[in-house]
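The same chain A turns up in both complexes below, where it pairs with chain B and then with chain C.
Entry: the complex of A and B
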């Protein structure tokens, strides 16, 4: 059974060690070695490909670093290690590296989006005539470094923007562990706002447990729910805050499994659903329904052995259509879902 | 990731500046790197008006030269309404020395108003007052830039120049005053001054056409021009009187004319008798009005069909004003041989290509203006045969803008070759290649095991289905069809021949069949700015039922069919077909209950051709710019609607 490396890494970040996670990480480690071996066999150029993915994985392991940033840092490493003498050559190398990264983990949207963004920047600015190759190269590297800062700043901007929406005495429902949402809540706590957080358990990652832990450290009143109790408690909720793995062209979001459910319940009870996502997560995908995306599977540990005849739905993510979302908080500002396509058109066309 | 993004990050994040905003001066790499970037940077004082989406990229360069230029003849040119009347009166004063001494205060005030507003326009690149005229002043600025000595002249003459268009059958409320006032002005000018004025007007008109003034304006201009050229100056009085009279009449129709200025020709309101008569006088096709028309649709043209064709066919060899290729295409429209947005557009453009190839400029006329007038006359003939579709309207606008952009220095054969290749490129890029891109995007949405429903016969959808089948995807097709055209039958025949498994049903059974369907693919005649899909009648039903069943509806439409107008219902703009085709069922002579329906006073038959599908029912629009949600249509229109000017 294939497994989404993206969701696996996230689980690693969350640090909730489960037995199946251990087993899978073992398996993944052996798989990486095998793939690396295959790629070495490919030839000289593939030595680079191997290092890109390796590099990327190194960066990705850092819990605070966003996927897209890790990808771009990996591509920056490609530029640094490259022996190309002209812009064209460098572009081709980068394209190859970017493609190999994307194909290595097809389920990660921010990885794809980050690679695309960087490649777009490279192609758009590579035709400048006044630059010589070395200065162009250093500019690209510097740009890649800066991207990390931008992404970090993006979280701060989003947190600042959302402060106005958190009022004293409000109850916020949070699903899954999103670093951006964590930043939002942290800043609200620092601004001495009085609010309460209900967080779902977030099976199978159980990331909600970690979130509850963090919030408790900040002295924010936290209540843990099992995923099924969302509709039960929706009455006392004032708003729902979620992050996003990717924001798609229709304005909908792709996020951890369970987000769609919560959005549906919130919508039917007229509660606003706010999404906190950085702008580099905007992707040129357009899912029409839940099955329209590539599968991202994450095995579930039920704690008891399951007979082999029984199938398990192991998809790790779902798609929430834009009509259930109220607002998107991004580093570009507070947007409605229909603006996402506007931004994407201007960026990619 | 772009540099524009980093520059935006330093602005207060609470304020999101959409579109135009003041920013720091452009760093050199930005201007080179990013076509949309200049849109964001130039400072615009009143950029908030929605009409300001006109050619934003053209604003930055002319601003500075025109600013400095305007400073020469007039004092504070950038100063807006308060100081401008004074400046205009002063500079107007020196011009009008030899001009009518008897200029009464209202004309002066109107002229000042016109002048002031045009100065304002040149200075601030804001939209025209009142008339909603679509000529962006920034484009006029370049025209006045080279003629620096004539700046005064050109600025003053612009309002009358434009109201010349009004001088014909079309007038704009705001400019009608100017027309009245400028006519006496012109009579008193000397010949040399008139020539100078005409030169400036020509330049201004060329620039104005670059923004694609609508057909009526240019038609009327052509008429006015020809009228003027035939009348010697002693008759100017008469023409002025005639114009004034028509202006008076135009007064009560001014609201409509106003609307007409904003609105392409097909939306002329046909319940206005005088306008209809005027139109009929000019037309080659002499249609007779249908009887028993539905009251609600009186504003749409409806004529007797079928009776025209033999008459027109016999006239084929007696044409003097029409090129035979255009005549042929018109007849094909009339008889229904060519139908479908793309087919009609391509046929029309190819006919124009031939007409341009056989065209030769008459002496003492410029190619661009004369050819534009000719094209306009062809277009009115085609409209008489069958009202224009949006795709054709956009193509005509493109062609006229290309004609207007031809430099005067170009020789006739070169100009014709340029136009020929421009039309070729338009057809290729906007239609043929666009269709390929659409097919490429759309097949990613078809999975094995899908049941795809389509309505009628859309060329884009047919290509998608064929291509998906070639790629080996396993799916089946449900074709929904309706009377009276039964277009689905042709599609069915073609698909079955290719080996697809198809189901054919009528639109009555749509809710019966919908539960089996997984995706709905629809074509469109046009997509409007509010996301409304304007397509064959029945499309809205199909989309609504699909929405009710939570089935995604995908609309496939090339981007050249997008239009910036907004339509809320299917009534205000539509096309009426032949009612007899409803009353008779081909092949079933026994169904004769409606024979003689026109004799009954209580019975009216309505055969609508198009309907409007609200954007809520549409999940996705597939265009050659990618897959976009219906809310992003105005973005495409804004960013790329003027893009064809830079081809």
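Entry: the complex of A and C
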């Protein structure tokens, strides 16, 4: 079965490594090298050994780098290696590179969103009054490189905005390992707030274990739960904090499997659900139900062999509709879910 | 020195809390005070907007600190700051347009100077355009300059064109203050006439033979109901008395004086009577950025009852009540605890509430909160002087009236920039 590259990377960064997972990843890595090689051959440009997919993969390997940043850096490398002499030519090259990146991993929303955002920025920049092609080009490269800083700053801004919502003595439920949520909790701990965190295990990645580790290092009281214990402990929870893989046009989010479940339980018990997401994760998608998105599959290791006639649900992510979310903390400010579509309209239309 | 006195007076009045009642009066006095501050402020030739903004922030900080629960003060301070930034921006772009024309006419032979001025002008205009917009996806990848850079670029643009612009600049500085004061006058006018503008919309919402429920007394609601009565709608009003201040009694009296059929009920009877009601119309103390409402105590009860029986819950609020902050703990932080004497008679209960006897802590505590927080999902419609809106739409009005830079009103620590 095919495995979603995006969730494979996330598991690599944040999951607990088990031996058979290692075996799977070795096999997947050799597969990727082969496809990468094919890209070089099919590349098109005469004699160029440059592949945007390779570049992207290189950047993506770094654990602290967001997907969108890796994508934009890869596109910046395309500009640098390009031999185009006019903005139109450059734009066409970029469009091709962006399309190939997007089709290489259709399941990663921040990759798609990052590519779209950068293409939009290129179009707008070329429309401005830069008479000299070279100066426009160097400006594009410079902004793309700076995007990494922007992303890092975005996490800081989000952490600052959320501080007011974490009060002394509160209990926060967290699901999955989100670097943004980690930043929020880290800043709260540094500001000497007294709070405790309930952390779900997050099967099959078990990224919750990694999060619990990190929080314990910060001396934050942490309690681990299995995913099924969420409803059981929900009444002692004051708020739910999750990150997002993508924020869709309706204001809902796409996140690790289990988020929708937690949001439903929280909503039925009147607990606020807060989402921490950078603004470049806003995507032009509008899923109407759970199956509306392209499948992102992740094999699950049950520890015992499963008979072949038994099917396994291997989807790695779910969609949480906006009515179950209370507020989104983004670098554009604190937003209600209805603001997301407004922002997207301003950008794309 | 004259500007200190009215400010001190207003700060004192705000902190005493019973001197100025009601957000409309507070908003109006704040706006008038800020107008006098602006007109008396001396502005330097460069960075005039920055100087005005600093002056307003300095006073605003003190006013807000005097009574943090009265959100209208902070709202008006932020509105004035937004006005200053907007007026400065429109003056800058107008000046740039003027610069362009004069450059073309004066230096016909000097082509590259022309090119330079047009390029820098366009760049400045683009920068100016991007600073006033709050951060958005569009500006994500750009260099967003600090807002104070706007007046600076305008002045540097002026300098590069030579001395013919200095006369322009002094007239521009006068113009900025003049424009800002005009805009603040409009703001005061809006505050004063907000009741009429809201009441104009009454006919669309109140229909023949309806039963309206309200709680406590709000001048906006009063004017709203009167306006519908003027237009010959016949309807009945249920007034919940609004313990412990019982202002519903006053409202009932006024309604009867105007010839409206009124029924007075206790707050506890709201749930019993709600099934006979067509619509609930109430006023608000403040409206938060997420669409939540800070209203007199008892309002949450009415909102829950209305939701349970599918009765529309309509909130009337002037635009000076619109607050750009998100409430993260409104029951505690945006509430005021009033005197127990409103509930209990001290004479009868003095021994229960004796702090001097025994352990020093009496067994009877009295909690008398002044406000309630109504979450946005319980509100059906907001009627403001800008029209009727959904709670999820309030963020748009906030983006129109306020700048993102002003959410925290604090004077900048350093003197420079």
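As a convention for this text, the second predicted complex is superposed on the first by the 334 of 349 C-alpha atoms of A that agree within 3 Å, B and C clash if a C-alpha of one lies under 4 Å from a C-alpha of the other, contacts with A are read in each partner's own complex, and residues count from 1 in each chain.
One rule holds in what follows: a contact is a pair of C-beta atoms (placed from the backbone, for glycine too) under 8 Å apart; a residue touches a chain by one contact, two chains touch by 3 or more.
Note that this is a predicted model, so its numbers are computed, not measured.
Undergrad: Once chain A of both complexes is superposed, is A:165 in touch with chain B (first), chain C (second), both, or neither?
TA: A:165 sits against chain C, while chain B stays out of touch.
Undergrad: Which holds for A:91: it touches chain B only (first), chain C only (second), both, or neither?
TA: In the superposed model, A:91 contacts neither chain B nor chain C.
Undergrad: So in the superposed three-chain picture, is A:117 touching just chain B, just chain C, both, or none of them (first/second/both/neither)?
TA: After superposing on A, A:117 lies in contact with both chain B and chain C.
Undergrad: Could you say whether A:286 touches chain B, chain C, both of them, or neither, answering first, second, both or neither?
TA: Only chain B is touched by A:286; chain C is not.
Undergrad: Of chain B and chain C, which one touches more residues of chain A?
TA: The larger set of chain A residues in touch belongs to B.
Undergrad: Quick one: classify A:214 as touching chain B (first), chain C (second), both or neither.
TA: A:214 contacts neither chain B nor chain C.
Undergrad: Is A:301 touching anything from chain B or chain C once the two structures are fitted on A? First, second, both or neither.
TA: neither
Undergrad: Kindly classify A:227 by the partners it touches after superposition: chain B alone (first), chain C alone (second), both, or neither?
TA: Touch status of A:227: no partner.
Undergrad: May I ask you to decide whether A:338 touches chain B, chain C, both, or neither, giving the answer as first, second, both or neither?
TA: Both partners.
Undergrad: Which partner does A:238 contact after superposing on A: first (chain B), second (chain C), both, neither?
TA: Neither: A:238 stays clear of chain B and chain C.
Undergrad: Could you pull out which residues of chain A sit against chain B in one structure and against chain C in the other?
TA: On chain A, the residues that contact chain B in one structure and chain C in the other are 117-118, 121, 124, 128, 147, 150, 279-280, 331-335, 338, 342, 346-347.
Undergrad: Under the touch definition given earlier, write down the residues of chain B that touch chain A in their complex.
TA: Listed in rising order, the residues are 1-2, 5-6, 8-9, 13-16, 28-29, 32-34, 36, 445, 519, 552, 554, 619-620, 625-629, 631-632, 635-636, 639-640.
Undergrad: Considering the complex alone, what residue numbers of chain C touch chain A?
TA: Touching chain A: residues 119, 122-123, 126, 134-138, 140-143, 289-291, 326, 328-329, 376, 392-393, 395-396, 404 of chain C.
Undergrad: What does chain A use to touch chain B in their complex?
TA: Interface residues on the chain A side: 117-118, 120-121, 124-125, 127-128, 130, 146-147, 150, 153, 157, 160-161, 249-251, 279-280, 284, 286, 288-289, 292, 322, 331-335, 338, 341-342, 345-349.
Undergrad: Any idea which chain A residues touch chain C in the complex?
TA: Checking each residue of chain A against chain C gives 117-118, 121, 124, 128-129, 131, 143-144, 147, 150, 164-165, 167, 279-280, 282, 327, 331-339, 342-344, 346-347.
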